[in-house]
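See the structures that follow.
Next come two complexes, and both contain chain A; in the first it sits with chain B, in the second with chain C.
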Partner chain A sequence: MVGAVEEAQLNRLENQVDNGGGGAWEYLCLVRKLKVRRSEKVLKHGLSILNDPKQRSKLGGEEWTLYEQVAIAAMDCQCVDIAKDCINALQRKFPESMRVGRLKGMLLEARGSWKDAEVAYSSLLEDNPLDQVIQKRRVAMAKAQGNISGAIECLNKYLEIFMADHEAWRELAEIYVSLQMYKQAAFCYEELILCQPLVPLYHLAYADVLYTLGGLENLQMSKKYYASTIDLTGGKNTRALFGICLCSAAIAQLSKGRNKEDKDSSELHTLAAKTLEKEYKQRSLTKLPLLTATLRNLKLPS
Partner chain B sequence: MGGELRYEIGQNAYIKLVLHALKHKTSATNGVLLGRLVDEDLVQISDSVPLSHSQIGLLPALEIALLQIEEHFGAQGLSIVGYYHANERYDDFDLGSAARNIGDHIHRYFPQAAVLLLDNRKLETLSEGKDRSPVVQLYTRDATRSWKQTGSDGNSRLTIKEPSANIVLLDYILSEKWKGIVDFDDHLDDIGKDWLNPDLFK
Partner chain C sequence: MSFGFMIGVFGVLILAHAAYSTIQYRSLLKILEEEFSGLPMNVVGELLLGLVFCMWAALTVPGKFLSILPYSEENRIVSLPDNLDFMVFNHRGKVFPSKMDLKLKR
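So, the complex of A and B:
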């Protein structure tokens, strides 16, 4: 999960390295820090450093972190032999290491040897029962084999112990959404908002789920969370602005014949619509007529 | 009723959906198909719009996208005639519930709607260069109101308009053309990006 500013910085650096402008190590460090998945680039640029003895020795102790990063990227790109070489180098340097043991487990996964991987992970867990990475590998394996209900069960058990792991809550929420289990997904986002109330992504995702669930109460709640997203993002988050309009239209539909909404709320979607039009005028002029027509078709209450 | 309903997909519509899936290899992707009904027994699919590569199954982005797409293509006399989907995993050949639900929604407005599911096995063997048939599975709604795969008896109801489409597709894959494709998700993240992909095939 990366904000727009960080993504722009990462892309700039990536372009620079791709075009021979140097900065490969900075790029690889940033990828690690932001925890993004850019395996082809990491493999390409990481290997070029590792295969150059001068550059490799400049890294000092960090050389081994790079071996690990490249091994994982290689597995993601199905270059199993390259991964194996990296892991062998790490094994020679750190013979009894649990971290290397994990990589060996992942290599078995990459080869599709699920049973062997499970055996490897179980034996590592015997000595280190609270290793979070291995527990999550098991979830990943279940998912990769198409055993989604197994993955859900595993992930729920994991979260009972490690309830502060935001990434795990997000993964669980996304799995629930893919299965259209929206109530369960909502619960996950509620946990995330409780832990980290100032992260706009969670407010936005929660609002999306509530809107999808539907019903007057959920729509009203959804509108509140689109509003808080706008608040937390300085007012320009396109999805949240559209969300306000969608909620207002749906609420108006459902409230036909009931009491009218308060004035505050009707100002909100009018403001949202105006902001969208202003944004499209500035940055997407060709789509402005489509936007205007869309807002008109939504039948927003005035 | 006479013969079975056939579907003919134009090269650009077809290539776009495959490139979309290739750009987002680690997630499911989806999009809509645009076209028209011709002669009662032929649906011509002339274009496609890539929608999403994350959180498929949530309504807000989908609703906004459909409104804008209908508005734009309606002016050209085209309607939404189908939906495409590519699963997250390589060996997943099922049409999931979210895909079926979106298909149902489209079917309400266009009863001859088709759902296309990317066939990863066929896509993989594309480079052998022998097959001219599209690398997708066609699903239509049968009398029981559920989506069933058709054409598995060897009698395919889906053809690509241009016979050399797979060769062009292969060329685009080799030149990594999928990097330039924009979907509605990308547009919502940055409205400067155009989901119509006007320059993709230039």
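So, the complex of A and C:
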């Protein structure tokens, strides 16, 4: 999870490294720790460390981690030759390693030779049938070939064994959303919220899915989840604030005929609108008229 | 050694002294053949002082307190990690080959 402080630190370090201020190794470590995908930068700065024997020897054992990181970044940038060189270096150091075998499979993937990659992964799985990363790679491979239904099937099979793997649940949810299968996606997000109840972004995504599904009951539920997102972020999440306003407007429209209780909820969206106005005033004053017009067009019940 | 740690040591010494005085007081009572009803005031004061010192040291020496609120600046989650285990190389970046011609020197 990337926290607010960590994100600021990452951006600061990235700026510093890009302008030649040093600290490349710290930057690469942070990228690895936060698991963000900055392949081009990792490739550039990682290679400059690896090509400098003095800097490289300073890393000690960490050198091999860097080789792996750079290899994956190179594959992501389609620099297959660099990836191959890195993997060869790793192979010389760790001839029997499973992890290097996995990298080789990924190299085949990056080249687009899916059949060979499949063979490589299958032979690795024979040695160790419960290797999670390789099973995930197979899902990714199906996805890369455009075989989304195959990926879903594979992922479901994987999740039957490894139910606690939240990354896989998230991937499945995102695939379902991309296919507009919102009911299934909602189930995955429920699972994620159960797994990690304090991550506001899962609440937010679940609320989004429910809002998209529509219907009075779903809308009310979605509003609750937007509210819990606000609770967990201290009102710093703009999307959740907008979500509250949209949900209130939609609920008001649906329940126009039957006048229901809902006295307390009117307070909620006025508060959200007020917070939005305050945020816009602080951060981008030029867009404030746009916001007020949008909020007026929503015809929020008051 | 830090200032807080010294205070902590001092607090422990005071507590030990209070314990010693209590034992002495009880043996004195035994000689005088009186009932033990309570501690003398100065020992109680000593105990309280030692407690305050020890508590202060225990709260400051081990380190700073971290926030447990989910929305505090340190804990607030702003983005999820990119799902690197499911990374796909067959993306649109493939169409735009990078202009860098970097090489791994051997």
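Quick notes on this one:
Keep in mind that, in the parts below, the second predicted complex is superposed on the first by the 297 of 302 C-alpha atoms of A that agree within 3 Å, B and C clash if a C-alpha of one lies under 4 Å from a C-alpha of the other, contacts with A are read in each partner's own complex, and residues count from 1 in each chain.
Basically, a residue touches a chain if its C-beta (ideal position, glycine included) is under 8 Å from a C-beta of that chain, and two chains touch if they have at least 3 such contacts.
Quick caveat: nothing in here was measured; it's all calculated off a predicted structure.
Contacts of A:Val199 after superposition: chain C is touched, whereas chain B is not reached. In the superposed model, A:Arg37 makes contact with both chain B and chain C. In the superposed model, A:Ala144 lies in contact with both chain B and chain C. In the superposition on chain A, no contact is made by A:Lys93 with either chain B or chain C. Once chain A of one complex is fitted onto chain A of the other, the partner contacts of A:Lys274 are absent, as it touches neither chain B nor chain C.
With both complexes placed on chain A, chain A has more residues touched by C than by the other of chain B and chain C. When both complexes are overlaid on chain A, the residue A:Glu109 reaches chain C alone and has no touch with chain B. In the overlay built on the shared chain, the residue A:Met75 is in contact with chain C alone; chain B does not reach it. Residue overlap on chain A between its contacts with chain B in one complex and with chain C in the other: 4, 37, 144, 174. Residues of chain C that touch chain A in their complex: 69-90, 93-94, 97-98, 100, 102-106. Residue ranges of chain B in contact with chain A, taken from their complex: 26, 28, 54-61, 63-64, 67-68, 71-72, 88-89, 91-92, 96-98, 101, 188-192, 194. Here chain A touches chain B in the complex through residues 4, 37, 144, 146, 174, 177-180, 205, 207-209, 211-212, 238-239, 242-243, 246, 279-280, 283-284, 286-287, 290-291, 293-294, 297-298, going by the rule given at the top.
Those residues of chain A whose C-beta lies close enough to touch chain C in the complex are 1-5, 7, 34-37, 40, 43-44, 47, 50-51, 72, 75-79, 81-82, 85-86, 89, 106, 109-110, 112, 132-133, 136-137, 139-140, 143-145, 167, 170-171, 174, 198-201, 231-236.
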